[in-house]
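Note that chain A is present in both complexes that follow, paired respectively with chain B and with chain C.
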Partner chain A sequence: MEHERTEKGRSLAFSNMVRSRLGGETITSCYQCGTCASSCPVAKITDKFNPREVIKLSLLGEKEEVLSSDFIWLCCSCYNCQERCPQKVEIADVIYALRNIAFEKGYIPNLYSEFASAIINDGRIAKISKFMEQKRPAIGLPPLQPTGVEALRKILSATGFDKLQKEKEEAP
Partner chain B sequence: MNEPKVGVFLSDCGNQLSKILDFDALTDHVKKISGVTLIARSSEFWRGKGLQAIVNAIKDGKINRVVVAESLPKLSEVKIVQAVEESGLNPYLVEVMDLKDHCAWPHRDTPLEATEKAKAMLSGAIERAKLLEPLEKLEFPVLKSTLIIGGGIAGMQAAVDLADLGFEVHLAEREPFLGGLAARAGRFFPTDDCAICIQSSVSDVKTITHTSRKCVYRSGFTEIPHLNILTNSRIVSIEGVPGNYKVTIDKKPRYVSELKCVACDLCTTVCPVEVPDEYNAKLKTRKAIYMNIPNVHPPAYVIDESVCKFHDCAKCVEVCPTNAIELAQKNERTTLNVGSIIVATGFQEFDSSVIKEYHYGDYPNVVTNLELARMIDGFGPTSGMIARPSDHKSAKKIVMIQCVGSRDKRYNSYCSSICCMISLKHAILIKSAYPDTDITICYIDIRTTGRQHEDYYERAREMGIKFVKGRPTEVLRDPETGRLIVDVEDALLGRFLELDADLVVLAPAMVPSEGTKELGQIIELLDEDGFFKEYNAKLRPTETIVRGLYVCGGATFPKDAPTSSLQAHSAALKAAKFMTTGKIVKDQRTAVIDEEYCGDCEFCPVTCPYGAINLVSTDKEHFVAEVSDLMCEGCGVCVGTCPLNAIELRHSRQNQMLAQMKGLMSVNGTSKPLVLAVCCSECGGTSVDSSGMAMMKYPANVRVMKVPCTGILQVHQILEAFKAGAQGVMVVGCKSDGCHYEVGVQKTETKVQLAKTLLKEYGIKPERLVMLNMIYIEGNDFAKAAQAMTDKLEKLGPMQIMGGS
Partner chain C sequence: MTSYALFLGCTIPARQPNYELSARKALAKLGIELVDLANMTCCAPPPVQSIDLETSLSMAAYNICLAEEADLNMVTLCTGCFESLAMTNTMLKENEKLREDVNRILSKAGEEFQGSKEVKHYLQVLKDDVGVERMKQSISKPLNNLKVASFSGCHLLRPSELLKFDDPERPRIFDDLIEALGAKSIEYRNKLKCCGGLLRGYADDLALKIAREKLVNTTKAGADCISTLCPFCFLTLDMGQLMIKSKFQEEYNMPVLHYAELLSIALGIDPKELALEFHKVKLYKVLNKIG
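Presenting the complex of A and B:
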């Protein structure tokens, strides 16, 4: 993960912002031992993601770099790092907090945005094709039930998610 | 006691104070106060002619109470009190007030107001003095003997010190041999010498130079006069009071007479029972009759009763040439009476098997630092070879993992402080003996903070020992080759490494030893990490909150041998100081219970930080509190806690405090609202003194009253201050975690909150009452707070009490 450190875009208030979010409270306990990184199955296969570096960049206040990056979206939420962290940093939860902040600032990879649209519209992340519906009885599966998307929409509306997602969709 | 005849002595500090204060006005004011029979003014009253004037007045019978308005009262009071006592007047009938730092210096810009304040402060002091009562000196006997619990490096060193000073010393060790954890370590940093080396006793006649240090076995440790060594012994109970503790000890049978055994080794050759040797990390076996290492102390074998077949075998009895083996020995219970106790129960390695991903206890080739130390030791199970426990073959690739259970919030959040040095020492020793060994140390931070410690780190790098900054996530075992793989990120490179290893050495956290845990059940002074709590890390190290009870070495926190040794000397000195006169001299400024009002509640015994109060049954079928004058430290926190107003502190009785309070409020002379600052006599109070000393300014309407600890205050006394005329009250105590009486200031904070609620009920604005937590260097903050309080009160206007008055 290459990053240029410039004073521009660096905000020491950023780690406080993360701390004040649900899931982000423990970020300042990190002392960079690297247990998370060596525990991470994603980091082992790609150099685009390293949980230790995500925490370090956040603590250094590299707000723009962290929020606009793809890497916070690469965590697979296996919680191995969190289980083994000697400082009880809730690393996977910190990354969720970062994703929430990123989404509010309008940063979300298109794939995730498409998932979000699909959930708001159909209550599913994947479209159900006619072919699939016809195939189900043939392999002994019951027909698909309605998803109860109305209840889901209420939640998404209460949290403001739908509004943010709409802004994202309408953005150029 | 006769009618009070108060002599008032006004010191003008070489005419310095009279530049600010109007001494004629002060004299006129004092003259009008009833009971004052003598007024004198001089440049000082704590030395020379001034002091002589006080002495003469007492001897002539002109006065029987002394009020001195001086500068530097803490200093001058000592001399004045001594002189008063020598003149035949009880020294507790003296009141010394601070004319310079409380009255003149902080208000030098407003001399009129300063004079008015001085008048009020004098009134307060005189009214208090009139009510003072004579108090007696108390003496309690102290036995000149000590019990040291734990025979490791700290306990042994303290024993040598105290025995050399002529005290009777009992040294109790729970294991059959002395030496503790230290002896197993083999070598020590930073001197690289043997762990079993101690500073020898002067009783060894061949020890003629002061450079002498000796192996325990050469030091004649067991032969030191006045030293009674009790191995295989555990503490059952501790009763009694400081100076006279009664300790019950169980001594397990050794089954071998220490007096007869000549350590010839015949017994071990015939013993048929073979078990894993725990002392040597189970890397070899030992017999049922055994010694840890050669020349161990005491130099006598011991029989492990859990595995010996006793009379079904008795082969050792047959071969012993000196008939030293005594299978009929029984458990012996003894009781010791000692004046003081030193706790030196030490620490031990954390059980690393709890951290499953490192597979300690699961993979045989994962060992701990202590186990490695046994391998490095030539007396150890491998005679110095670094072997893989799985096949006893030489280990060529070693990976060390630091901070196993240390700096880990799941287990021990603290840094164990010595493990970096232990690992560096081990790596260097191995590399020196076997240069082709490949050693990698995985660390979070390398901490080498002591004298010469950084040298080890440098030497290790010179020798080619590798360092990886990263805490491994897991130790894996190759299922085919059985070799170990350490999975770690080199955080400096951001690169993942899979380190191949014959042997993985863990550096476990250091945690309280079994002995420390056991003793903690009897002496309940453990901190949140399970170590014994020292009284004050800076000024009272090795002391505990209990008089005559000291603690040293690893029992307080993991530490290296030099620090353990240093602490042992400290604890020994403090114990010696405590015992040397054979008595504790105290005064009677202790709590006293009014049995008529005391009624069965447990507030005071639970609150007293010194365990000085017990409930005792009376013939009236209820319990009353009883204060031990020996244990009471005179803080008065119990007074403030008693819901029935049944406790008083001598010398700070309620009527004395109230009279002073009223005196302080009896004079205003300014247009500003009166403020009463009630300060403790410790850190909180010194912030008030220091603001004056440093000539910081605050308004003169702030009047100062000292109490031993603000914990003595009762809610109704705070309200009394308002009734007496205060428009605002400042309670100045120590920092919340720095109260000299442990819990005093915390209790005060609660009471201040409660008083605020009550003030509201009476229609008084609760912000008229503030609590400050200060220390000496915060004099400036006190001055600012006093100014802010005055400004606030001026804004609020005169106090309106609901329903008039």
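Presenting the complex of A and C:
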């Protein structure tokens, strides 16, 4: 009895945590029909990812398993599942919410850490090389306008985005 | 003349000047003025959304604010940028609480989201401001029934509730605009399925397998080329063919053209002026057929 109560408490705590976040609001409407899994281009070719499983494990409170594994990073964000969900679970957005939580807990894939640095340093996710900039007039393109890095940094500091990244950099 | 603030994004100027060039030339020819505004940033695409959704909404809103200040609606070429910006625009217009939260953040950068402007993909500008009929009349070099496999990319269509672009399961807009050029928009298996592009860099093997399927299916359907709207889909399918060649020992030689490139050619712009050398898969097959 005691064990059951703790189990239930654990699962509720995690689903409430997801539900209270941007993107995670609809997670508890899932009734596990599997429409998402059958619409998923990634689940079709690997058993390493399955959107229905991501939702199920999250609802069961398997927080560590969900946040620490590869799982949530293998969604290709195509929104096919979300478009077709009969319960209007915003599955792709729930996965973003889970990734956001993983980021806060320090589970940060290197690739995403590089994305974050690029945003903070250049205001752009893909750097425009000097070569490309110099090539523009030769092929008839106007010069590039300056990027609003300064304004962006104020925004990143207001949302705490710059801190998220710093924690990663300072981690052992 | 109708004017729009051009949201150029990152990937196009970083890697695909051919896309930008064709879009600028074609839209100018059709009477659409593109205004380049200073101080725009990255649109906050899925990688940023993955890190922090509040940040991504604020970044997208910041860029929309710049268009609002210039009193212009915004147009994007990249479907990824379209998704980030159009989704944010709808969410903030419809959800007052969210708008207040984002405006509190934007105030630190001296901005305020008003919700007074539209974010459009350039296909919408073609369809609504130019119109299919006027486009047909402007064509001086019809594409000679070229068999085009349209591939709009996921983020033009989905999530449809927020993007409000076209029917997400049976879209027509892109195909109609291809046919307006005198080409044939062909059907092929799993046309609306993702190209796997966003898995590149994290799970390259999976990304390549998904991209390969698109090449198999368009080849089987007898396509002369694939037409894309998104620079990521383009990269995945064009340069991806080199990677598929080395990994699977398969050669497709399937030309991939951005819609703006097909449009420019049909409008009579000399292909030599379109920087087509940025394509990995060469286009002579397509150019010969058009004649």
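Operating definition for what follows: the second predicted complex is superposed on the first by the 158 of 172 C-alpha atoms of A that agree within 3 Å, B and C clash if a C-alpha of one lies under 4 Å from a C-alpha of the other, contacts with A are read in each partner's own complex, and residues count from 1 in each chain.
What we mean here is this: contacts are C-beta pairs under 8 Å (C-beta built on N, C-alpha and C of every residue); 3 or more make two chains touch, one makes a residue touch a chain.
Treat the numbers as computed from the prediction; the structure is a model and nothing was measured.
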Q) With chain A superposed, do chain B and chain C clash or fit? A) fit
(Q) Going by the contact rule set out at the top, does A:Q87 touch chain B (first), chain C (second), both, or neither? (A) first
(Q) Contacts for A:A13 in the overlay, against chain B (first) and chain C (second): which applies, first, second, both or neither? (A) neither
Q. A:L74 contacts which: chain B (first), chain C (second), both, neither?
A. second
Q: Could you read off the angle at the CA centre of chain A, spanning the centres of chain B and chain C, to the nearest 10°?
A: 100
Q | Partner, of chain C and chain B, that touches more residues belonging to chain A | A | C
Q | Lowest inter-chain C-alpha distance for chain C and chain B in the superposed arrangement, angstrom | A | 7
Q) Same chain A residues contacting chain B and chain C, which ones? A) 80
Q) Along chain B, where are the residues that touch chain A in the complex? A) 357, 403, 407-410, 444-445, 469-474, 487-491, 494, 496
Q: Flag every residue of chain A that touches chain C in the complex, lowest number first.
A: 21-23, 41-42, 45-46, 73-74, 76-80, 82-83, 90, 92-93, 96-97, 99-100, 103, 109, 111-112, 115-116, 119, 123-129, 132, 135-136, 139-142, 144-149, 151-152, 154-161, 164
**Q.** chain C to chain A touching residues, read off their complex
**A.** 8, 10-11, 13-15, 17, 20-21, 24, 36-42, 45-55, 57-59, 62, 66, 104-106, 108-111, 154-155, 158-160, 168-169, 193-194, 196-199, 201-203, 206-207, 209-210, 273, 275
Q | chain A - residues contacting chain B, complex | A | 1, 29, 31-35, 37-39, 43-44, 47, 50, 52-53, 80, 84, 86-88
